[in-house]
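In the two complexes below, chain A is the common chain; its partner is chain B in one and chain C in the other.
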Partner chain A sequence: MKKRYLSLLLIVLISFRLSAQEWVVPAENGAKLSPFAFSDSTRKAGAVLFQTNCKSCHGDPGKNNAIALVPPPPDPASAKMQGNSDGALFFKLVSGKGPMPSFKNTISSTDLWRVISYIRSFNEKYVQQIAPKSGIAGAAENVKVLLTWSKETNQVQAVISAMKEKRIQPIAGAEVKLFAKRYFGNLLIDEARNTDAQGKAIFNFPKDLPGDSAGFVQLSARLTDDAAFGEAKADTTLAVGVPTYRPPLNEQRAMWNVVQKTPIWLLLAYIFTVLAVWSFIFYVLLQIRAIYKAGINKNQDTIDS
Partner chain B sequence: MSSEVNTDFLHDKRLDAIAADLLRPVGISKGFLIWMGFLTISLMGCIYAYYIQWDKGLIVTGLRDYVSWGMYIANFIFFVATSLVGMLISSVLGLIGFKWVKPIARIAEIIAVAFAAVAGLVIVSDMGRPERLPYVFMYGRIQSPILWDVTVVTTYMVLSALLYFIPLIPDLAISKGRMGHQPKWLQATYEFLSVNWNHSSYQYKILLKAVRILLILIIPTAFAIHTVTSWLLAVTLRPGWDSSIFGPYFLTGAFVAGSAAVVIMMYFVRTNYKLDKYLTVYHFDMMGKLLVLVSIVYLYFNINEFLVPAYKLKTADAIHLHELFVGEHAMLFWSVQLLGLILPIILLLFKFFRKPFPMLVISIVVLVAAWFKRYIIVVPTQENPFLPKQFVPHAWMVYQPTVIETAITMGTILLAVIIITILFKLFPVIPIWEMAEEECSGEKDKHQE
Partner chain C sequence: MSNSNKDTNNNNPQSDQNRGNSRRAFFKNFGLIGAATAAGGAAIYSGFKYEESKPNHDFVKVLTSDNRLVEVPRDSIKDIKVDVNRLQLQGREGLKGHRFVMVIDLSKCRNARKCISACQGAHHLRPYEYHINTLVMQESPNTAPYYMPKPCQHCDNPPCVAVCPVDATFKRQDGIVLIDNERCIGCRFCIAACPYSARMFHWEEPLMSVADKGKPYNIELNVPQKKGTISKCLFSSDRLREGKLPYCVSACPNGVYYFGDENQDAVTNGTTKVTHRLSELIRENGGYHLMPELGTKPRVYYLPPKNRLFEFKDVKDKTLEDQKT
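For the complex of A and B:
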């Protein structure tokens, strides 16, 4: 028994040490910069994202009301948080560590930069550096992603094109990821693929992915390198999943449902019992009335008045 | 209760003597005013404490995240428990045909009415937003034991009140002509409440029928009220509450508390109202035997309730039982079990301890222990939840009742005492007509002197 406790203690201590370890950011990731300039609109969008994704742990910036986790989530306004370079913040959001989740697949990188722009708004000394435009210069805004599904092969095809030299051209060699939207976050389908010379990337679709009641699945294809391509992505809903009907938990009559959905037997038992008992009570009240009535006529022979 | 009333007593001289005896304590005396004044002033203090709670919320109590049912719910269970004795004495013993319960039945019924009525208020004291009380009826769920509890407590209270009132009607009529010295409003009240009673055998027949219905009806209702109260705890998975015998465990415990309360009241009536002719040593002896009986049954359930989990020692139960047997609550637990249950059983087996005064002392101990027993049932379980929360301040994990909370709880007890006092003082506590009928028809129990 003692031994068990000791080893438990050891495990706890080790994991404690592990999680207390420095969060190392590789130099190249640390040097990464936002592809766009932070503005009021990015901060506003970032604030909304922060409210829904981060506040539950990190609390309100500047208020030091993060929840008590080990290690503690630093306050976004704190020197610890702000001491990170933009690239380091981005890296940490993408990779996650310990209780801090990875947002790689749940928040697009553009949105992550928006959150960072919001975090930076709590640092007066911060001056932003923007990444030099790279890749297909000047074409970033016009990237198009087209998603189609081939039933025979059960494959989803993404075609990427962009305006280049005033012509629509396929983009070759760009990394594309395909996601299916699930209740919590996005599920990576197949693996990241690079487009071929025609700008095509083909993903093998699983046969057993549950869709909605008609089999529809929300798909989203994204280009990984959004420094080069901006927020290029395509969202489509395709009937590629297995039709699944999950009755809502509150659909049927149940003990734990609302009163309108009381189980019938219980409803009847309750009503019947209450009515039965109270009809007797009512009957007894009528008897008091009967006593009263019987007394009216014969009041004169009351013995003591 | 016999099936027919022999109305010969109405023309018997002995009725006058009995009525004079039993009506002597009735009325507004100086002692009553002083006692009521004392009670009222104390109650004002408690109401002030409630005002603070109303204003500031439950934060002024010791209730926190872990222990959200503290003294209040323990107190609620105690009230419901004590009120059950009305059913035990009048119905169970009365229907079996024990004559000695006749002078005691009304006392038991008064306790039932007072405690059931205040029980509802006790629940309100536990509410952080009492103004939302109507929501129980507007949005209550039939699936919830809370709604069942509201239903049965209300029903039980109405039944007890009727069972108090209906057998009182002939007494009111008998008393009407004998209260010349009483204030006008009291005479008018008697007149009004006696609903034209003229002692005709027809009226007696109706009365007996109504009472019989009530006596039978109140048995399942009383079982329901305390079983449902126990379910409020037992339908959860918590160690210490997750028990299939919680219904009978509560019910038998209730009889112990209620019987003790009746003995205390009997002693009071006997000495203060000088009615030792009606509440004799014999009655105390019988109540003593009743108390032993119900205590032994309760002990049996206690053994089941603690021995079985203690044999298996499932993880959560082990923590809970450790707390009770040797931990934080051990002192209280063993005091309650020894002083409130085991010692009374041993003592009451001897005739000497079934005499009025020893019975009074024992009953007070039993009743106080009964209150703390409810506390032991409610609080320790919550201090050791299945899923402890992380980083909860220590003060939120243990329960420390505050002065305000204690005062509010005292207030509810005062309120019950006030109701009992008023009913004791305004109406005869011992049924005149039943005593007279018994005396005149020579049916008196032979043991009785």
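For the complex of A and C:
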């Protein structure tokens, strides 16, 4: 009897251990659906995104060439990956866990759905369900984002408005993120803010962010909820940064630089040495000539006398 | 040709008439010869037309850039001359207004060695030829071991460039130190001068020397590689030109590498693609340079290996064995 209890305990423990490794997705997130139908174009765009962001760990779908990490990244074509609902996949892409990074601030949710559409192309049995259109979705194309900067407070203000019932109305309670464009990616400014009743979201801009030589920074404000607002965003260049000009790194005179950028002391020392050596040679030659001349004069003197 | 034939035909009957032959005979001959000439001419003409129209070219098999094998007529192939000078000039000049930096987070490196293989793939190197390598580090017997990826530090005061006698290795305006394999004479002074051992020498014929033969030399990729010259980490300057992260940075599965522009005070993680402030990252994590006492002013920062994300295997593992051989 005791043995039976022990084995039961063991089974419970093992199942606990297994479930601890599982990635639990909250029910409401798991039920989330894509706002648009998956098509060849979304799969194609998803494939490009997969190549640049996912392939380094998950490998090529269906080839089981994911890299050996703990826990192992599942192959996108595998039953383990395909067993997730669309919402669960979206949740995992957004939140990340352990070695799986969060793509919340780097890939827009529309693009994440495109990645999911690519992943689903490896599942023949998959039938897509599309999210029912929400109330504001009808206005998706008309969403406008306006960015302004107040110099006194060093704050960037985003005003979100949309055409609703044939009137331009502010959108309240929408999550907005502000990014500054950098060479390899977008830098999140401040944090995600919700718009107030006037459709305003205010971001504190850092005082020390370098802009170009005139202080201009390319800003991009995005609405997080793509399902409701579409890919609404505004790209504006504002003089919010610190004017930055840094000279090229190979401009200064240095030992390692090209001939034209030789250090002055080296140039002078070299020219002086060359001149010194040549003048010594000329001096010797002149002295020889003087001896020679003196010899001729002496001979002349002896002949004369 | 047929015209001249007809002329001779016309001449012949005249001489026949002079000899007293009948008019009938003349017409008979004229008709026969004329018909034969017309038929012959037509045959020659149609033959010529046929030869012209039939696909008489040689076909050449060509592998297209999207990896399809197609046949193309030999005479429709055109030689494209790649402007080699352009590659050289843009490679020497560098990207204006940038100062590239790399940040390596030692706490995240698990020695997956994906950076190494991506780099070797891009630059046509053998598995034991490194532009970047992950070293197994243990400062002293009582300190914690860790893995350390080590590329070229792209110093702002590069001793390797100072010793080059032929201006083959140089520093660009964006901070990248490159090597021109076409100028390099293989004296290896730079190898001796580099305190980070970042350079390698092609002692043997490079890996893809046969396949790369005749390709235009790209100074920003060091391909084709050349025997008897130096090769080194290039910060993937060909990728930076396109606004992409370097090969090693984007291949890392563990988020070890950040790469960016010091002028913009931003670095982007190659795995998560999240962009951070460079100054904040260095300040908050205690970033440091390798051997700062030498005054080389490296462009690569390291974040210390604290709170490492992995269990360190026994030091006598495969990596160390690899490095010995």
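Note that in this section the second predicted complex is superposed on the first by the 206 of 305 C-alpha atoms of A that agree within 3 Å, B and C clash if a C-alpha of one lies under 4 Å from a C-alpha of the other, contacts with A are read in each partner's own complex, and residues count from 1 in each chain.
Everything that follows uses one rule, which is that contacts are C-beta pairs under 8 Å (C-beta built on N, C-alpha and C of every residue); 3 or more make two chains touch, one makes a residue touch a chain.
Computed from a prediction, not measured in an experiment: that's the story for all the values here.
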item	value
First (chain B), second (chain C), both or neither touched by A:Asn257	both
First (chain B), second (chain C), both or neither touched by A:Ala27	neither
Which of chain B and chain C A:Thr244 touches, first, second, both or neither	second
Partner chain(s) touched by A:Val284 [first = chain B, second = chain C, both, neither]	first
Which of chain B and chain C A:Ala79 touches, first, second, both or neither	neither
Touching partner for A:Val127 - first (chain B), second (chain C), both, neither	neither
Partner chain in contact with A:Ala197 - chain B first, chain C second, else both or neither	neither
On chain A, the residue positions that both chain B and chain C contact, one per complex	255-259
Chain C residues within the chain A interface of the complex	94, 96-99, 110, 112, 114, 156-159, 161-162, 167, 170-175, 243-245, 250-255, 259-269, 271-277, 279, 309
Touching residues on chain A, where the partner in the complex is chain C	52-53, 56-57, 67, 69, 96, 99, 101-103, 105-107, 180, 182-188, 206, 208-210, 212, 244, 246, 248-251, 254-259
Chain A to chain B touching residues, read off their complex	68, 255-259, 262-263, 266-267, 270, 274, 277-278, 280-281, 283-285, 287-288, 290-296, 298-299, 301-305
Residues of chain B touching chain A in the complex	10-11, 139-143, 148, 151, 155, 158-159, 162, 166, 169, 173-174, 176-178, 195-200, 202-203, 206-207, 209-210, 213-214, 217, 221, 390-391
